[in-house]
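Look at the two complexes coming up: subunit A is in both, with subunit B in one and subunit C in the other.
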Partner chain A sequence: MFTPTLDLLLVFTVSMPIVGWAALKIHRKVLCGVYAAAGLAIAGVLLYELFLEVSQNMVISSPHIGVFSAYLRIDMLGVFMAAIFIGLGFAVAIYSIVYMKKETGVPIYFTLLLAMISGMVGIVFAGDLFTLYVFWELMCVSSYVLVAFRRRKGESIEAAFKYLIMSGAGSATVLLGMSFLYGMSGTLNFQGLASAFGQAPPNPWLYLASLLILVGFGVKTAIVPLHTWLPDAHAAAPSPISAMLSGVVIETGVYALCRICFTAFLSVQVQWLSILMVMSVITMVVGNVMPLLQNDLKRLLAYSSIAQVGYMLAGLSIGTQLALTGTFLHLLNHALMKGTAFLCAGAILYTIGTRQMDEMAGIGRKMPITAIAFAISLFALTGLPPLNGFVSELIIVTAAFQSNLAWLGVAVILNSALSAAFYLRIVRTLILPIKSEKVASAREAPLALLVPICFMAALIILIGLWPDPVIRIVQQSVAALFSFSGKVMG
Partner chain B sequence: MPLDLNIISWLCWIFPTVGSIFPLALRGRKSWVKGLPVVLFSFLSLVMALLMLPNLFGGGYSDIKLFWFSLPNGGSVGLGMLVDPLSIIVVNIVAFLSFLIMVYSLKYVEGDRSAGRYWFLMSLFIAGMLLLTLADNLILFFVGWKIVGLCSYGLIGYYYSDDREHWIGGPVPFAFQKPSRAGLKALIVTTFGDIALLAGIIILYTYSGTFNFMELYQTAGVWLAQMGRSPGILAITTVLIVVGPLTKSAQFPFHEWLPEAMAGPTPVSALIHAATMVKAGVYLVARMLPVFFFAEWIASPGYPEALTFFLLVAVAGAITIVLGASQAMVAKELKKILAYSTMSTIGYMMLALGVAGLSPDTLVAGVSAGIFQLITHGVYKAGLFLCAGIAIQASGSIYISEMKLSRKSMRFTWLFMLIGGLALAGVPPLSGFWSKESILGFSWAVGQYLFFAVASVAVILTIFYTIRFMGQMFNGKVDEGKGLGRVREAAASMLLPCGILAALTVFIGLIGPWMEQFLSQLFNNYFTESLGLVVTGGVMASAASNSLPMDIILFIDSMLMIVIGAVPAYRIYVSHKSSAEDLISKHAVLRALHKFLWERWYIDAFYNKIFINGTLAMRAPLARYIEGTLDSAFNVGIPNLFYAASQKLRKIQTGILSINMLYFLMFLVAMVLFFLWLGVL
Partner chain C sequence: MITDSSYYFAFVFALWAIGIYCLATKRNMIRLIFGLEIMINAADFSFISLATGIPGFVDPLAHSIVIVSIGLAGAVSAVAITLVVYAYRQYGTLDVRELKHLRG
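Showing the complex of A and B:
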């Protein structure tokens, strides 16, 4: 229907409840997770073929397909983003097999997970704003339900409700902004939007549309002050879902902002990016100050995601090729780092059943592998060389200095220094003397939880030591992003 | 050849490195079980060193460079072993003495519970020492240099629990020092030198773009011209580079750590603080010497600043000769006497190397005389220290006056020690005589009469303290009295190394003149052919080509000096015709002199006053004004600021959905207002 990767994911999404029902019938709950993981693995293989194709042809576009006459336009950026989503999704699926073993409704869980990943892959493959919006809603709706997955807990329901309302309002403004754009140009195609608004002097409606879209996507991206739903939702969701939400879902917002900025809003880019620049600094400061006194581990990590989004937005707001390279590399790195961190937090939660940091003092002594992987991810989040977070932050800071925005670079550096305060607090918690009974009797997490964690931690180190191959792909992605402006701006 | 020279040179230092793993792996075993692999591996490295010897005769050098890591400005640091006459000689000395001392140690540390640490550090030390000798570039050299420094620190402070029996200093009315403090002192002083050396190396690199010794020689003309453009740089670099060797070799004014380094076990003193590590400084001076010699005499236009190198080395050496020898005359501890004499003898080497560059035709003679002294001193001083170890273990006292050893019951120890002592004093025909003679003759021949006079007068002091410690240790009265046979001879495995070293001392003494000739031929070939250091218009004269009457005059002079020193020492300490105590109490001048020497020329006290008391005096105001202020600013102010910020910001996270939606609206309105303000909406 669309493209093999996306089709496959949708097929697995639809067939998941049936397979899950059958699996429950024969009392093999594990099969649900295995099926989902298999689907993601095959999707990964298909994505690799797509990657080969894209690296030859630059762009694959397939207009007017399917039920709502969707328009897909796959370039290197789309493939790169999809690889992050499917990769993290695969790790999370394997992790969830054991993590969700005690829960009811596992088939629904995996269905929603696959639906969310399909939505995200659709977003990055979309060639026009409407297609993007449809997949956006697919992602959003499934993520609302996933946050509320533990439906008997008040916390989950409250968080999901907040998330639903705020995100819904955001989607509404996006839709309104899109309709302005359509009304002015008669097209929602990125190429068409770029040529319609690229050269003409901007009119007030375009500013208004850009504003509405910024606010709408800003909710998902968690730009301060639109971030208030995030700590609740990310903390209340099951840990693998927190890893997805924090690791990749908020990054679809960054992706959408980047995409729209370099197509429809080329002519208002300067003003738009200067707003974003201010917002990015506010976002990273708030994201780094809020978790300082936080005692809830997952909430702390959720706040830190806001700060990390701030770094990415800083890269976007600089707007040069190098800065965008930093942003997208950080996107990948953040998926790895925050994914690992949340999965580790989940492993600890799974073992001792608490998210409160003062109750988990010394857990690293009992769960050394988890603790080491956790520490690696936290050091990477702090931006410590030779880990991957350092590389991308360095690129963003370098880009800031090159564009004579030294203050922005300094802000990023100071913020990552500040962030060390709470990341190191977690590390300290891991190695403190054991206080509680629960910790004293804890054991290392099961192997199925450790495998994805260790694999991702290894990638954090690997990319930190040898970032060149990844940077090359990111550079091609950024070139793909800039290709619209290249034609228009000459 | 079955083994490539390149592989041999690598294996040479890798063997002891591997050996150092065993003492750690064999935890809980007996001391000798841990030591045996170390002895074995040090033997293997001796074999490797011996395999290099044939290359000594061929001349030339071998240096196969491997890439290690690259530096930002295009340069790179290599990994490679430089095998040339200089390194072959020093490697053989190091490997040979290490092996003997390791054999000796088997018995010495027997029953020591923490012997694993001893073996580990010793083996690692040997590896580091061989590495620094064989390294073909300054960075690799520096790695070895630091390894030996750290091992030395660990071994001086080997008895770190500071039990009463391991204290040095005293006796009673005087202050004692603890081993851990001695180790720290050595570390601090040598680290000071290391940092200076590293700074010098970096400056050198910024101009030359290479760390490799051979490339430094070959491209000297180019980078010296670069350096010459900013006057003073070469002089600064020279001072920095010289400070490193001066601290490592315990030369004035950085010599104060060596006497106290004797707090370690005696084999450590023998290996590290007499035979090898303190020679590392001499080795580095000899390594860097061609560069500065080239700058001073061969390059045209010359660089007069390079003379700093030679002057510094020669003057520091000359001062240390007298400083060490004079203090050895009054010291009461056997090992301290030997330490002072080590300083003094290394001073001779430094003097020779320094004088080598003071005139254009003295390079070969100076270097060969200095290296000759290095060889002979390594052999006899190691022997002396090993005998001292036996004497101290046997008598249980570190003071020469309390040892009361019997010449008859410790016949071998006495004999070996006597040979070593006479070689030290430069009595013909032992090895020390020839090397000392070649330095004296050479400095006379090149017209450095001041240095000659200093070196020559020091012979009086040397023979005096040699007879003093020999006489006091093996007191003749003991044999006559009832104390006969109070202590027994040491085990064979401890005596054998001493015997070998003593025999070698005699042997080198017998072939002394030919060996001197051989070395000067060797270095002549090396400098002129391999390095291409030919002085235009000058003649590379050799000290051995002195005219015959000159040789005889020198010989008579030396003999005279020996007699001047020996007669009073013999009267006081051997035949007991007169008493030192009586002499000192009678003459006020002697009393003052004794006090001055006993207080180590007041240099140590001066350093203590300036550095230690100075630091202590700074402590209170520093803590109060600077640290207190910064502490409250950084460790209280900043956290409080962010604590408050965090407390305040938390209030925006109300958790109430309607307020969240209000933010949403506010953001929208604020953005609209912003665009209105921009005037675009």
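Showing the complex of A and C:
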């Protein structure tokens, strides 16, 4: 059908409800999660084979003939992004086995989780804009339902509805933008778009299409005036889903912006990137000021995701090879850091049942392993040197200075410094003297929650200390992204 | 090919503007979903009107895109209406102003 990795994910998505039903019949709810995790693990192995193939051939295209086929174009960037999605998905699936134990509808939860991951993998493998759009909607629809998963709670329903309306309007806007691109070039495939618009002088329709697509993907990416759904949706979702939404779903928006910027909008790139540059600074400032006012831990982390998206967009808006290396490295790092942070917040929520920071004072004394992993992820988010967040932010800042955009580099540095204010506040909350009874009687989170957390925290340190192999893969990914412009510009 | 179909574009932009207006001003949750559907229909209509680039030939790509897009819009509105049902059970109203758990 498509490519083995994506096929396998879709097969597991479709078969999950049946397996889940059977598992409930024999009263082994655990099996649902194990099945989903196994599916993601096999998908990871298949992705590795794809990686070996891509590193030899640069690009794999699947033909678009036949009933159930779509045009896929897999390059290093797609494989790199898919590895992030499947990796974080695997950690989240293992974490969810215990975390969702008390909930009803577990098979549906895992089905939707797998559907969301297949959607994201499809987005990064897509070879034309419409395939991208179809998988985009697969991801969006399953994430709406996952945000509303606790359907008896007003908060979840409300957040999901707000998310659906804003994100749906964004998708419709993207589709309208795409229709103009189609009208001008007669094709939606990235290669065709790059050769149709690469050299031709831009006309007003192209500006209009680029504006519509920027706004449409901007909703999902949470660029600031369009970010209002994000804190609600990410706070209301179950914690493993918050980790997915914040860690990877918003990053698919960044990916889509990068991809389209270096194919269809090559001729309007300069104007486009200068708009993005201003937006990125606004995004990071708002994303770093708003958390200062929050008392809800998950809401705070959700706002800080907006700031992190700001850093990634800053990298994209500089637009050099080095800057995009920083952006994509930051994508990986953000998935690890924010994933760990949300999973730790989830472990605390699981143990003491509250998200309010003033009620969880001193929880670190009772849950030392969670607290240490949480602190590592928060220091990495701040951008402290031996951790991975520092490496990618340093690359972005260096690229800004190299391109004579010192003000942007300074903005990123000042924002990281500002962000320390609220990240350190969480760390302080963790080690305050214990006040409430709930915290005093708390115990360390179950092992199944700790395993993915500790593994990801270890990766944060590892990538921070030894980023070279990852940077090499990221550089190949960026080269793959630039290959369209290279061919067109000669 | 994009220049000689200005009536269609006027219609597309009108539909799109109606959709946005509906999302911005209406308070009833069902009406918001209508607004969303109108916006998607604007995009679909735009695809259809742009499919006739070469005289005497209609590009099947645009039509297949629109068919798939209609299906996706159906899925989105199914989810949206499910959410409306649960919101109604929770709050007993369809007015989005009454949904006050979340702030900014």
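Note that in this section the second predicted complex is superposed on the first by the 485 of 490 C-alpha atoms of A that agree within 3 Å, B and C clash if a C-alpha of one lies under 4 Å from a C-alpha of the other, contacts with A are read in each partner's own complex, and residues count from 1 in each chain.
One rule holds for everything that comes next: a contact is a pair of C-beta atoms (placed from the backbone, for glycine too) under 8 Å apart; a residue touches a chain by one contact, two chains touch by 3 or more.
Worth saying up front: this structure is predicted, and the values here are computed from it rather than measured.
Visitor: Just to be sure I read the superposition right, which of the two partners does A:V219 touch: subunit B = first, subunit C = second, or both, or neither?
Guide: A:V219: touches subunit B, not subunit C.
Visitor: Under the stated touch criterion, which partner chain does A:A421 make contact with: subunit B (first), subunit C (second), both, or neither?
Guide: After superposing on A, A:A421 lies in contact with subunit B but is clear of subunit C.
Visitor: Applying the document's definition of touch, where does A:L211 land relative to subunit B and subunit C: first, second, both, or neither?
Guide: After superposition on chain A, A:L211 lies in contact with subunit B alone.
Visitor: Should A:T228 be classified as contacting the first partner (subunit B), the second (subunit C), both, or neither?
Guide: Both partners, subunit B and subunit C.
Visitor: Given the touch rule stated above, what does A:D75 touch, subunit B (first), subunit C (second), both, or neither?
Guide: So A:D75 meets neither subunit B nor subunit C here.
Visitor: Taking the superposition as given, does A:V286 touch the first partner, subunit B, the second, subunit C, both, or neither?
Guide: first
Visitor: Identify the partner contact of A:E251: answer first if only subunit B is touched, second if only subunit C is, both if each is, neither if none is.
Guide: neither
Visitor: For A:E393, is the partner it touches subunit B (first), subunit C (second), both, or none of the two (neither)?
Guide: Neither: A:E393 stays clear of subunit B and subunit C.
Visitor: Report, in rising order, the residues of subunit A that make contact with subunit B in one complex and with subunit C in the other.
Guide: Correct list for subunit A: 161-162, 165, 169, 173, 228, 231-232.
Visitor: Considering only the defined contacts, which subunit A positions touch subunit B in the complex?
Guide: Contacts found on subunit A: 161-162, 165-166, 169-170, 173, 202, 204, 207-208, 211-212, 214-215, 218-219, 225-226, 228-229, 231-232, 268, 271, 275, 286, 289-290, 292-293, 418, 421.
Visitor: In the complex, go through subunit A and note every residue touching subunit C.
Guide: Within the complex, subunit A contacts subunit C at residues 130, 133-134, 137, 140-141, 144-145, 148, 151-152, 154-155, 157-162, 164-165, 168-169, 171-173, 175-176, 178-180, 182-184, 186, 188, 205, 228, 231-232, 236.
Visitor: Spell out the part of subunit B that touches subunit A in their complex, as residue ranges.
Guide: My answer: residues 642-643, 645-647, 649-650, 652-655, 657, 659-661, 663-664, 666-668, 671-672, 674-675, 678, 680-681.
Visitor: Could you list, by residue number, the parts of subunit C that touch subunit A in their complex?
Guide: Against subunit A, subunit C makes touches at 1-2, 12, 16, 19-20, 23, 29, 32-33, 35-36, 39-40, 42-44, 46-47, 50, 53, 59, 61-62, 65, 68-69, 72, 75-76, 79-80, 83-84, 86-87, 90-91, 96, 99, 101-102, 104.
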